[in-house]
Amino acid sequence: MKREVQVDKKSYQVEYEKTAGGISVAVNGRCYQVDASALSGGFYSFLVNNRSYDAFVSREKESFAVVVAGRTMEVDFYDPRSRQPAEESKRSAGISRQVIRAPMAGRIVRFQVGPGELVQDGQGLIVLEAMKMENELKSQGIGQVREILVTENEVVVPGQQLMVIE
Amino acid sequence: MFTKILIANRGEIAVRIMRTCREMGIATVAVFSEADRASLHVRYADEAFCIGPAPALESYLDAEAILAAARRSGAQAIHPGYGFLAENSRFAERCRQAGLVFIGPSPEVIGQMGNKSVARQTMLASGVPVIPGATGALEDLETVRRVCREIGLPVMLKAAAGGGGKGMRIVTEENDLRDAFSAVRRESYASFADSRILVERYFPAARHIEVQILADSHGNVIHLFERECSIQRRYQKVIEECPSVFVDDALREKLTAAAVQAARAVGYSGAGTVEFLVDEAKNFYFLEMNTRLQVEHPVTELVTGIDLVREQLLAAAGERLSVAQPEISRHGCAMECRIYAEDTGNDYLPAPGLIRKAVFPEGPGVRVDSGVYEGWEVSLHYDPLIAKISVWARNREEARCRMLRALDECLVFGVKTNLELHRAMLTDEAFISGSIDTRFLDRHLAGRQPAPDNLADLAIIASVCSTLSSSPGREERPATAETGLWRMASKYQFWATRF
Amino acid sequence: MFTKILIANRGEIAVRIMRTCREMGIATVAVFSEADRASLHVRYADEAFCIGPAPALESYLDAEAILAAARRSGAQAIHPGYGFLAENSRFAERCRQAGLVFIGPSPEVIGQMGNKSVARQTMLASGVPVIPGATGALEDLETVRRVCREIGLPVMLKAAAGGGGKGMRIVTEENDLRDAFSAVRRESYASFADSRILVERYFPAARHIEVQILADSHGNVIHLFERECSIQRRYQKVIEECPSVFVDDALREKLTAAAVQAARAVGYSGAGTVEFLVDEAKNFYFLEMNTRLQVEHPVTELVTGIDLVREQLLAAAGERLSVAQPEISRHGCAMECRIYAEDTGNDYLPAPGLIRKAVFPEGPGVRVDSGVYEGWEVSLHYDPLIAKISVWARNREEARCRMLRALDECLVFGVKTNLELHRAMLTDEAFISGSIDTRFLDRHLAGRQPAPDNLADLAIIASVCSTLSSSPGREERPATAETGLWRMASKYQFWATRF
Amino acid sequence: MKREVQVDKKSYQVEYEKTAGGISVAVNGRCYQVDASALSGGFYSFLVNNRSYDAFVSREKESFAVVVAGRTMEVDFYDPRSRQPAEESKRSAGISRQVIRAPMAGRIVRFQVGPGELVQDGQGLIVLEAMKMENELKSQGIGQVREILVTENEVVVPGQQLMVIE
């Protein structure tokens, strides 16, 4: 099976098949003969050329979160014929639209920019209070404030859209 | 000794206190907010009472609700843990009025030490060096501005009633003073219902070194050596160790003597910590006294063998400490890493969420104090501390290597954690050589690097295996339901082999 | 120091050895039988090689398969752990021939000490008291019968090449001699491929006390005090502690001196244990010397702070021990409980099976060495040790209470365990007072009592809740899929409360 | 709901219903108002009159294995109208038939009794070798050896029937 796979947004060409001894996997031409053992609770034990690795895998459809050697990585499988990962296509089209989302639940203390204002990369946008601390949400690029979707003192949930910058 | 006590706290510290109680045959009463019904401290306790809704002000900070639970349960004493009401003199006073023992120093001492400006004056009076700054708590911007000009920038603004890193701001330029002043007042009020402010000289490259003390009501005051707590983020400690590589015997002698003197001066009782800033020239300045158990107390327990909670209980029950100063020796080296649910790549913002997998280390020299379990949700309402991993070894380098080994055995999935950051810190040259100060984290650690190809390849291999071994949408299968898509674990053919 | 070693063992001891290797920067190579592909030691290792089918004779006892794995991996040394090939002088010899370091004493010393009759003679020659019995290994029933008449019943028959409680029988009546003789020969041959037998006087109410020693190739021989291991079932230890309540300073002096003398006499190198029987009058008799790491070594590590595996590696690499006798002190008290998968109600028969749930203790003074994980199957092929729970405290009573607390935090489900028995032992009056001997388990503990009504009521309540909260046939649900049949954990209504 | 329930083979009369505050359970007339919380992985937290209990429950149809306070108990629910637990009915009918089963996998070393032989309570019947140890399986009562279902040197699986005594 041939797939294009992204690990933490970086693309890899992957080919794999089941074999008598386990699984054969090639990543960007690097070949691995894997003796894989599925343990319980999402854990896997791999032997690759007798090197032992332990992995924890959490799967949601074609997306995987994998913990190996203490590092958590996001792995995205997709079929190049059927779809493009959304973010990638936008990036390649040069569109830079930022949606500022709440990283955690909390209360909006105040805005540091207003509608229409130009913002710099790293500039503070919103102060969010959570866990008794004030936290500044910053711009990840240059743009203009298009929309403010919440109000001061509003209580927000994690992931809620707060502001759009284009 | 008490036969039943109430623990007015939650999470790992509540469980840790209950562990000692269980070992001493003391029944434990937990209190919990509606958000904490399923929390580990409720499960661990002998009894548990709900004291209100999730916001701390309406539960863990609600003195009357806690006292009512204590009365209903028949508890004789209240252990406040750290945070919440631990350094609230009014609560200690209310316990006394209600005929309950507050496990900590007297309300008067808490008031004296808990209020930073009074503490400053007390220290000055007993000859302990203090940080240059305003002599009292301030309430208006203009006075703050004047003081800043006197002592010179940078300065630290902090909540007079504060502690635990909350309500603190560094000001390096006068232009930023107004905003910092407002923020500290707001945070201070939200956390402590007190908006007064202290202004002190800020030492950018100082070390944070503290001395653990224990005192009873029979006049015994002893110290249990120092803890080095310089590695901090957002003014909260993340790694602590004992002994400090920076403290030589001469400095240790001075620091511990100053701490004991400070405790004696106020008639202290129970466990307490005297925090010092130590500059590069080994000058030290009194920072504050925490009149409670510290988060990082395991470090001291590991090097001295003294159970600090047991000594707190003895002192509170009017008994004598179980040890005297000459019997206490420092044995080896201990280190603690605090594992937080936080986003280290985004200014250490807390990262609440469901803990879907939690594996903690075992083996020689490792101690785990966790307050979570698999399937439990880290709430946005409280401190996002998941667990404290502590190690003991004969010397610092062995302890460091042991801690790295222990961190390697850790796995927390479902929330972002600072585990990777801990690994990076412990392998940093400056950390290895002991050249750490309070800005270590800012200075020494670059952002998260992209996964190297060999790790990415393993992640891909793991995903491929997951694809081949299970149907989409399911991530965890009970062990008994495994099917043999390829060679499966523990499903070897017994009958095919010769017995 | 080595850069890579192979661990010729499995389970908890293999993982424990790898932990120290990881802390010392030494790469680890696991070997595993086909039954152990998914075992924890394979997961923990840096590399792993399959060495054969499940039966130990065809894998963990197959010296050539292990040596082949060592060659393929490039390991410089082999750590044998305990059991299997740990006391096999031929294997140690084969390692030497293959140019690999055997992490243990020389083949000659193993041969001398591992063979009980030679060990007896060696001890006699150096003036260490030995148990009355035959002077050499016996092979025919008639000689055994004659010796029995000489030394008087009861006697113990044991495998000359044995260890670890395997191949041992007590004979109290002459009529039983023939059956016991046959059984010991069979077991001995199956375990050690050697059917020769030792006959010794059996002391029914003796204590089993052993001394840990360490030696290097530079002539340093030191002891690390004693361990009391009197609590046994089927001649296997279940609880060990240090210090022994029975050993006073005078006896300790004699025991440790005898152990060091024994080690010096044979030119010992590495870690070893000299086992003694001590009778009620404090007479002591050499029992055997184990030329390897013991299961119960954590007890010694906890009271001395010495990592025994690290010292083994130093000695094997030709370096000096990292400590000298005067630097070693005994600090507090340690205790270990071995958690076995066994049926305590049915003569401690091993109880292999799938571990469906495993929760181990945490917190102050607790060390866990486990070799299992949830979803792993305890195999019938090997020792059914699940985990070792060890505690440290300042004195025995605090250690006992801490152990009880730790056991309370333990949960193992899926296989029968001796957890309940451990609780019963630790609360037994004779144990509390320290009046223990090798027949403690037989004498003091009645069978399992039926569940008292209050516990039965709780079990019913739990079953009712399970009935109401889930559909039949499913026992575990991922935390995210919980539905609100009644008040659910961590699903409180955040938005309904004031922030 | 009314049920007859057995805990470790002892019978209890149980009545339970869901209430606003949780569950109400009566066991042999002892009433409990239970605030129950289902945690993940088979764990439950109960508050009964503010006393806190932690339980682990493993369910198979109408049978439960429950661990509370370090003790594992077998709990059997059955509907008195539909069926009787098999063992109970036999016991009450006075029939004493013993089926000796292998407590673990292993190899039959030898038999200590032969077909037709009378056996005493506690008498050794079979020697089973497992984990390098010889283990004696004993009779749990008086009877006569009716049937021997295995042979010497045979390798047996856990639970396998070895001998019938009546």
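Order of writing sets the labels: A, B, C and D. Residues in every chain begin at 1.
The criterion applied here is as follows: a residue touches a chain if its C-beta (ideal position, glycine included) is under 8 Å from a C-beta of that chain, and two chains touch if they have at least 3 such contacts.
These figures come from a predicted structure and were not determined experimentally.
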item: Between B-D and A-B, the pair with more C-beta contacts; value: A-B
item: Separation of chain A from chain B, taking each centre as the mean of its C-alpha atoms, in whole Å; value: 30
item: Cα-centroid distance, chain B relative to chain C, in whole angstrom; value: 37
item: Inter-centroid spacing, chain C versus chain A (mean Cα positions, whole Å); value: 47
item: Multi-partner residues of chain D (at least 2 other chains); value: 35, 37, 39-41, 45, 105
item: Chain C residues counted as touching two or more neighbouring chains; value: 37-38, 356, 374-376, 408, 475-476, 478-479, 487, 489, 494, 499
item: Chains touching one another, given as label pairs in label order; value: A-B, A-C, B-C, B-D, C-D
item: Interfacial residue positions of chain B with respect to chain A in the complex; value: 166, 183, 186-187, 190-191, 234, 343, 346-347, 349-353, 356-357, 380-384, 407-408, 410-411, 413, 419-420, 423, 450-451, 453, 455-470, 472-479, 482, 485-489
item: Contacting residues of chain B [partner chain C, same complex]; value: 15-16, 19-20, 22-25, 34-35, 37-38, 53-55, 58, 298, 301, 305, 307, 331-332, 354, 356, 360, 362-370, 374-377, 379-380, 392, 394, 398, 401-402, 404-405, 408, 475-476, 478-480, 487, 489-490, 492, 494, 497-499
item: Chain D partner contacts - residues on chain B that touch it in the complex; value: 30, 37-38, 42-49, 72-73, 373-376, 494-495, 499
item: List of chain D residues in touch with chain B within their complex; value: 35, 37, 39-41, 43, 45, 47, 50-52, 54, 105, 107, 155
item: Of all residues in chain A, those that touch chain B in their complex; value: 5, 7-8, 10, 12, 14, 16, 18, 22-23, 25, 27-28, 30, 32, 34-42, 44-46, 48, 53, 55-62, 64-73, 75, 77, 103-106, 109, 129-136, 158
